[in-house]
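So that we are looking at the same thing, I have put the structure below in structure tokens.
First chain written, first letter: the chains are A, B and C, and each begins at residue 1.
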Amino acid sequence: MKRIAARTVYTVVVLVLSSIAVFYAIRLSGGDALAARLPASATSEQREAFRELIGLNDAIYIQYFDYVGRLLSGDLGNSLTNNASISTMLVDHGRNSLILGAAAFALVFAIGVPLGILAAVRRNSWTDGGIMSFSVAAMAVPNFWLALLSVWVFASTLRWLPSAGCCSPRQLILPAVVLAMEGIALTVRMTRSAMLENLNQDFVRTLRAGGLSEVRIVGKHVFRNALVPIISLAGLRIGQIVGYALVVETIFGWPGLGQVLVNAVLRRDYPVAQFFSLVLVTVVVLSNWLADIGYTVANPRLRRV
Amino acid sequence: MTELSEAAAARRDAWTQSLAEFEESQHVTPWKRTLERMRKNKLLLFGIVLGVVVLGAGILGPTISGADYTAQSFQNVHLPPGSEGHLLGTDGLGRDLAVRTFVGIRISLIVAAGVTVLALVAGIVLGMIAGYLQGKVDRTIGGVVDFVWGFPLILVAVLFAGGFGEGLFPVILAVGLVNTAAIARVVRGEVLGLAQREFVEAARAGGYSGTRIMWRHILPNILAPALVLASYYVAVAVIAEAALAFIGLGAQPPLPSLGQMVGDGRNFLRINHWESTVPGIAIVMLVLSVSLIGDGLRDVFDPRLRHEAKGVDDR
Amino acid sequence: MAEAVSQREAARSDGAEPVLSMRGLRTSVSMRDGSVDVVRGVSLDLYPDEVLCLVGESGCGKTITALSIMRLLPTPPVRIREGQVLFNGRDLLGLSDREMRRVRSEEISMIFQDPLTSLDPVFSIGHVMAEVIRAHRDVDRSIAHEMSIEILDDVGIPDPHRRIDSYPHELSGGMRQRVMIGLALVLDPQILVADEPTTALDVTVQAQILEKLLEEQRERHMSMLLITHDLAVVASVADRVAVMYAGEIVEEAPVDELFEDPKHPYTQGLLRALPHASVKRDALIPIAGRVPPPQMMPPGCFFAPRCPDAIQRCWDDHPEHIDRDGRTYRCINSQPFHRR
């Protein structure tokens, strides 16, 4: 409990610090672009007045608190590109990202863990070799290439699945699978190594001496012990998925937060870039915090003591 | 006690001799054993071979080819591989794919491998300082490192791109930062574990200075996990850089990036697919060789998880 | 339980058949350059209601012998090549996996050396105990729970109602070992194999655990095979002793006779090396040399290189057991024992 409380405090501190960092970084180059929005004919006095008006001449920390204040009161601002309300964007795109992310996350564990267990239990067999080769290949093939390939195969050639767009289940399949691929590969390897390490532990021998069946020993005891590192890294999978979602959403035209952020950076839409950077950073930090809690919960040695 | 008969004494001496010879033959230094394992690991060898090929292409390729990777030629657009003067064909602007791929490999190597090597050094230094000194230093470094390492590389690069604009600089910065943090974290953990082990206590009791202990006793033990982790992060960095270039960040034209090339060729997949597949294959080869080397190194340093039977001597 | 116990009591006083009989056990380990035998033709009998100690230094094969009884060997790379393990008339080595599982814990139990790593860290001790109980008996959870509390109380764990929900890391070393003992005895087996049960514990706790083991053995009239390298332990608990060297039994005798009149030079060396309170000496006398690696065993007697009494024939012929006066030993040139 104490440990969880400590980590929570740490996480909050981190959140504040990173929001400052993000804010600062974007304002560095963002500020002048705002001024660039003025017509070229504007004189330097007019530019200066404009800067003063929107507060760009204030000290950076004043700008920061001002910004945070506005956020907290619900005023998220508008996009520079099309003047859309950022809060609407947050809701719509956020929901899409959530769907895609959840689907990918589910795939990572639904496929990764069983394959890893299988590889461990059938160690050194063809099954094991096959699964491990698959995991190496899945990591080596860049996801954008995989995306192209899968679109080419499944959409253009076979015409089984649509190539882009949102938001039907059929349109979800390809992006979710591509997004999950690397996580699956990593999870397979981690599960396999965690299982193997626990299969060699002394307590397995004690359980065998107790007359328990191999199936029960491996399926319940070894697996539950292997789960400790798997759960602890599950939170990181979320972060990884967020990272890759930036690319996958863009390729498949899935209108989520990642796509929004990438477009905003490319088009120098600073309010949008700033806000959604904060959002994604918050998601990652929170998921790391969850991972920490998960680790504490999964490992009894860290509880109570 | 009976007196040993001479014959028995002679037998005993002979046997002691052959025992000494046997033990001599069994005595392998850790180095020899590691090298032997390296030789036996076929996947590692394959990875090394592949890596050498790719490395050669990246370093020597552009020089050997001599072509200019920016040279456009509208007469020679979309030439297939094997065309005269263009071994791997040309892209939509008539640029030679081969030299562009080589340069792209070079860029990937610099950004991913080069930066990660620096990150390896920085991470080891940081991790060793934190782990050895402990206390406040450790908590500060540890806190920062724990925060940074868990961030997805692509997100960090995009954030930096938001602040610093497009181009390779934000990517390099992101790779350097995240990889250093990841390595520092592992090294710190290992050092903390090692610092408690008896042999460090013994060294300190013997009067060795801090730096000497770090150098001779701790460093060899952390090199292995750090190297394995670094190889993994090189692979991640390669893919991240390519993915970013694919969506428009990272390396900007006319600088070719493998990811950018794949992106440029995506519209021609059905007819002139090599414009995407050639750089795509280059990426796969690069990542594959790095992964295999990393996996191979890990198996060599920690064979418990691999195919050998758990022999008595390996316990 | 009472019935089984009195049966065993009766069996002992009959001077009856051994309850467990190992015949010619040969176990090999495969290493880098091939496989080598680490247990070479071990034959050992365990009688009802007695404590048999198997003594030897590290690496002599005693643990592997014990694991072979319960078939708990890590099967590649270790393999039982030859031999029989007869228990109540059946050869355990020939049983199917399922039949063997039924024997484990219900008829023969084993406790191990390091109680921390030997217990599953993510489950409470009560959970594991109930699981083992219900794997053998058709009882519901509450009864299994009751049985667990009862045995924990029996082995000396204070406040068992609360402790039953503890995790292994929350208990001290001595308590963990008691839990292991409880786990082994909860189904009232006929035989308990204890592999160095006190080696990993503090000295003060060692005595308590040994005492508890003896107490249980006496109450249940169990047979106990206790493996150890510590002769002091042997002196305090054993009825009979078997000394093992380089994969073989080199001497077997009732405990008093072994300590007073050891026949095999290795046993004599072990006893001489003991610091002995009643004899004043100037120095400790260790046995010269080391156990040779299993691939490099001498052609004749395995102990010849270190034996002060070795003669020519000791190098030529491998000595068989000499059976005399209820004792056996593998030595053709056995000399009377002098402590100095």
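Basically, a contact is a pair of C-beta atoms (placed from the backbone, for glycine too) under 8 Å apart; a residue touches a chain by one contact, two chains touch by 3 or more.
Just so it is clear, the model here is predicted, and its values are computed rather than measured.
Highest C-beta contact pair count among chain pairs: A-B.
Core chain by CA centroid proximity to the global CA centroid: B. Distance from the chain A centre to the chain C centre is 54 Å, each centre being the mean of its Cα atoms. Centroids built from CA atoms put chain C at 49 Å from chain B.
If each chain is reduced to the centroid of its CA atoms, chain A and chain B end up 24 Å from each other. Annotation for chain C: no residues touch two or more other chains. Of all residues in chain B, those touching 2 or more other chains are 310, listed in ascending order. For chain B in complex with chain C, the residues that touch the partner chain are 1-2, 4-5, 7-8, 11-12, 15-16, 18-19, 22-23, 26, 309-313.
Of all residues in chain C, only 70, 72, 97, 101-106, 109-110, 112, 114, 117-123, 128, 131-132, 135-136, 167, 169-170, 180, 183-184 touch chain A in the complex they form. Residue ranges on chain C touching chain B, taken from their complex, read 29-32, 38, 74, 76-77, 292-293, 295-296, 298, 304-305, 308-312, 314-315, 333, 335.
Residues of chain A touching chain B in their complex: 10, 14, 18, 22, 24-26, 28-30, 124, 136-137, 139-145, 148, 152, 156, 193, 196-197, 200, 235-236, 239-240, 242-244, 246-247, 250-251, 261-262, 264-266, 273-274, 277, 280-281, 284-285, 288, 291. Taken in their complex, chain A has these residues touching chain C: 201-203, 205-214, 216, 221, 224-225, 228, 298-301, 304-305.
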